[in-house]
Amino acid sequence: MSEPELARIGHVALETADLDASLAFFVDAVGFEEVERQDGTVYLRAVDEFDHHSVSLTEAERAGVDHIGWQTRNPEDLEAYAEMLETEEGLDVTWVDADEEAGQGEAIRFSTPHGHPFEFYHEMEKPDPPAERRSKLKNKTYSRTTTNAIAPRRIDHVQIWDADAPGCAEWLQEALDFKVQEYYDREDGSRWGTFVSANGNKIEAAVIDDEAEQPPGLHHIAYKVDSADDLFDAADAMNERGVPTDGIGQHSISRGKFLYTRDEESGHRIEFNAGGYLVFDPNWEPIAWQEGDLEDRQWIGQIESTDRVQY
Amino acid sequence: MSEPELARIGHVALETADLDASLAFFVDAVGFEEVERQDGTVYLRAVDEFDHHSVSLTEAERAGVDHIGWQTRNPEDLEAYAEMLETEEGLDVTWVDADEEAGQGEAIRFSTPHGHPFEFYHEMEKPDPPAERRSKLKNKTYSRTTTNAIAPRRIDHVQIWDADAPGCAEWLQEALDFKVQEYYDREDGSRWGTFVSANGNKIEAAVIDDEAEQPPGLHHIAYKVDSADDLFDAADAMNERGVPTDGIGQHSISRGKFLYTRDEESGHRIEFNAGGYLVFDPNWEPIAWQEGDLEDRQWIGQIESTDRVQY
Amino acid sequence: MSEPELARIGHVALETADLDASLAFFVDAVGFEEVERQDGTVYLRAVDEFDHHSVSLTEAERAGVDHIGWQTRNPEDLEAYAEMLETEEGLDVTWVDADEEAGQGEAIRFSTPHGHPFEFYHEMEKPDPPAERRSKLKNKTYSRTTTNAIAPRRIDHVQIWDADAPGCAEWLQEALDFKVQEYYDREDGSRWGTFVSANGNKIEAAVIDDEAEQPPGLHHIAYKVDSADDLFDAADAMNERGVPTDGIGQHSISRGKFLYTRDEESGHRIEFNAGGYLVFDPNWEPIAWQEGDLEDRQWIGQIESTDRVQY
Amino acid sequence: MSEPELARIGHVALETADLDASLAFFVDAVGFEEVERQDGTVYLRAVDEFDHHSVSLTEAERAGVDHIGWQTRNPEDLEAYAEMLETEEGLDVTWVDADEEAGQGEAIRFSTPHGHPFEFYHEMEKPDPPAERRSKLKNKTYSRTTTNAIAPRRIDHVQIWDADAPGCAEWLQEALDFKVQEYYDREDGSRWGTFVSANGNKIEAAVIDDEAEQPPGLHHIAYKVDSADDLFDAADAMNERGVPTDGIGQHSISRGKFLYTRDEESGHRIEFNAGGYLVFDPNWEPIAWQEGDLEDRQWIGQIESTDRVQY
């Protein structure tokens, strides 16, 4: 039996203390599409996604994150991962029945040694949009004619914070074979951030050192848009709706241009992300940044907030 | 009394044989805002316009154009123009009462010697959008959060066709003091097109020679959008809705980038126009193009249709 | 004789303590075109400008501004302005011979009552670029094939600071017939900024209250670029060259999107400006902002510096 | 030993009858970077590429294509492919020493059963640009400050023509495990085009049926740019230089926006390509187009030429 393999970041299951308020942010303001409601959970996807959901919202006592979902390359990878995680890593693995999470096949859930709640799954339905929303282009999900103009296109990455970020990233590499695309070291040699990928094609998780040493959590989920113009359009839409933003600009790491916006109810943050680069090179060597290489981690602009939601 | 003066192209009063079908094009597909209905006429404006309307639609036996409206610089210019047109040009001038055309003050109407139906007016109301559509930016009319994403911004120019286009353009210059911004001559020295402006800041009317020698008519009304990306977005929206387009590209004359789309019911054509240039230079000399200066009148791309609507 | 009239902002004559260092910023980094050197002054224009220059650089003991140049609508306006300024305003007016400033006809210079150094002129040569740089498009000056990719297109406005900004703006309106396009009042009713225009089509001078009560000066000259993408490209180019930037974002007033950059030698600041709106409406009423209308004067992003160069 | 695997399209080795004329197109007009000259071959890469080359030019008796290069996932894949191709497919495989093609490790070359000249390689040097051209961003190759503004970013795909395109595509799938991302069938059920990928993430080869039944050949190499605006900028640059273009628009298949341009000397065509979509989904099912699904294979605009270069 060959090694199990992850194919990509798939979705994030979010919790909020006020489902309607959070839906007003995710659907009305940001432009996610509602695909299904089941057992009090609302499943959403971005307009360029075929899969059933890339984010879900469930009402809970406080805002949190139930799990970050990763899709495996093959169906049999689930079994292999479950065994490996239990045997070699000594972790508790829970099996989730097909369709317990709507649209999804069987899955396993576990907490990483650093406390990040992960889910692995392979099967995911690809429901058609309602007929009047379906694009005439067969390779496109939703027509944009009646869609929120600034709607993000597809999930790109998550940023997670950890008081032991280097250890967390190391475990992702060693146990789960995540590839490092870039990393950033402080002047004293300590690692501030490691930018890793399940498939090696693009950064899918930024693992950031939490200097405040809080419990681990999620800083944001990033979705791709098409251009820098889209970031200004998104800022405009957020301002018109009175939804908070946390800065516009461009990261040096990843070269992604950004606009951050935030659900005031839950604190969950969405990054609109444009540009960046892809890796198809099988011999890619991680990009090594040292503090002082550049004046600032942002190539232009500022991120105005470091709050994040604990799991 | 000083010479009367025109300030700008203001609006076009269109006729259609099927009002609902044409509204489906102008409002649902293109993204004009309905401001008012009065006496069977629907008054529309673009999302970046403060004035009451820049296009109106009236049901009639056949598609046509009731008038092309030009705003005068001063209120007293109406009286002066009326006298000049009757006395010096021997034209019939009709006075229109305030609010006969909704939102508009008193106006005069006349047919140019070449048969183009013109209206001059000065006063135009600037109604606020409905509260939920009003932008928070005081210098912007509509918030774009609930607006058709590809909605054009503001009226730019009209293109009119005439079997004696050079004579028509000459009269606009001599009688009405239009300024010539560019012109294009064929190899045999005959003039194909003259691109004129009431205010001298931008092309407001393209006067094109009709080689088929048909009665005069309107080829299109052009509205500004923000970028070349917007043209592709507009093409996408038209295709998704099954609305015909007539080409994407860039004109050499005016340097405007274009996407043409057309109301299948009436044949009225809207150009989405991006880029181009402005003239603030008081000493501007007309740009003189000769056939052969460039391979094609388009810098890139093609216009696929020369149909136009007779007045 | 009719009232003299201004047609537009034309150019700014800058001084720098190190001409070569400042040229490295203006020409190599920002992408201005050098048109001519005469008597130690280097005359520059933007790539979409036909006129001889829109900015000039002269070496002097310290960085400063010799004058802000405004073009009159007619040649005879110079004489009329000179007489009016001397007789009615009691100002000293100096005549400048044709070609004393390269490429320019006769001009008058004076200091406004608040100490802003103004020049009025009418004639300006329109030299062709070198043949290998001339665009094939007759309505375009420079081909962009060998031009700095981020080169700004054409002069848009100046921002001037004054310890009595309201008085300064009032004089511009009353003596010189500047039109107010927008203004911004503080909670206590005092005016923070007045945004005025010579031609009434676009903001050409922002007159800002200097809370530090320093002598009057120039905060920046703004040049138009084509899109928000261009702002990110300009930021990228500045960072690659180690040239300082002062923020990216969008103003609420004027709706202009901005990137600020600065000549480290002289402190002269250039704004790359995209978007905004134009006024062709003869009945435009000034947009009145009150502190508190919006959280911030910026719609998104920040300006990071308030330094400016004294005249 | 596991199955050998291809990682991606890597480069195309082109031949031209006039090297200098073709370099004027590839380097001066399009903006490729010259990396090295060796044995009469000039090695070029795009500004966002780290690898030694993605296209090379060699002078030959006539324009042609020496090979299309694909990079293997692992070094040992070369040996495995060589054995498989000889034993199972009965093809002649030629080994190429390291550095015979500059910057490249050992490689194998063979002609597919349909006559397409392929090369497989694994090692490729990643030379730094000259210091003054190196970006300050460690994850970027060239600073764009002195680069041709319209320079394409990175290789995307090739389009190859074949009188038996369906058979050619089938062999790529069966022998080399290419994945089908989209395909297009005519009304009579015959296949017009198959759009395949070595890595499954994006279309890397379009295999098009040649109705003229000519020997197989290369229609174009496509390179990514960042936005639709870039396509208009590229069209502008080509026109200013007198370099031919073959249309601007958007494909329905792949959703890629395009501008085609062509080396008049050799006939080799470069597509500037913006937009499109990526596949990270392990369960992707090919998109099946039928003639009649859409009016035209282009969503907007036209491709004006079907000429292509025989190998």
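Going by the order they are written in, the chains are A, B, C and D; count residues from 1 in each one.
Just so we're on the same page, a residue touches a chain if its C-beta (ideal position, glycine included) is under 8 Å from a C-beta of that chain, and two chains touch if they have at least 3 such contacts.
It should be emphasised that the depicted structure is a prediction, and the values quoted were computed from it without experimental measurement.
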| item | value |
| --- | --- |
| Chains touching both subunit B and subunit D, listed by label | A, C |
| Comparison of A-B and A-D (more C-beta pairs in contact) | A-D |
| Proportion of interface numbers common to subunit A and subunit C (over half same, under half different) | same |
| Where subunit A and subunit B are represented by their mean Cα positions, the distance between them in whole Å | 47 |
| Whole-Å gap separating subunit A and subunit C, where each centre is the average of the chain's CA atoms | 45 |
| Centre distance in Å when subunit A and subunit D are each reduced to the mean of their C-alpha atoms | 32 |
| For subunit D, residues contacting two or more additional chains | 136, 226-227, 229, 236, 239, 299 |
| Residues of subunit A defined as touching subunit D within the complex | 2, 7-8, 48, 50-51, 71-74, 122-124, 136-140, 182, 199, 201, 226-227, 252-255, 275, 277-278, 280-283, 287-289, 293-294, 299 |
| Subunit B-facing residues of subunit D, complex | 227-229, 231-232, 235-236, 239, 245, 247-250, 257, 259, 299-302 |
| Subunit C to subunit D touching residues, read off their complex | 135-136, 143-145, 147-149, 226-227, 229, 233, 236-237, 239-241 |
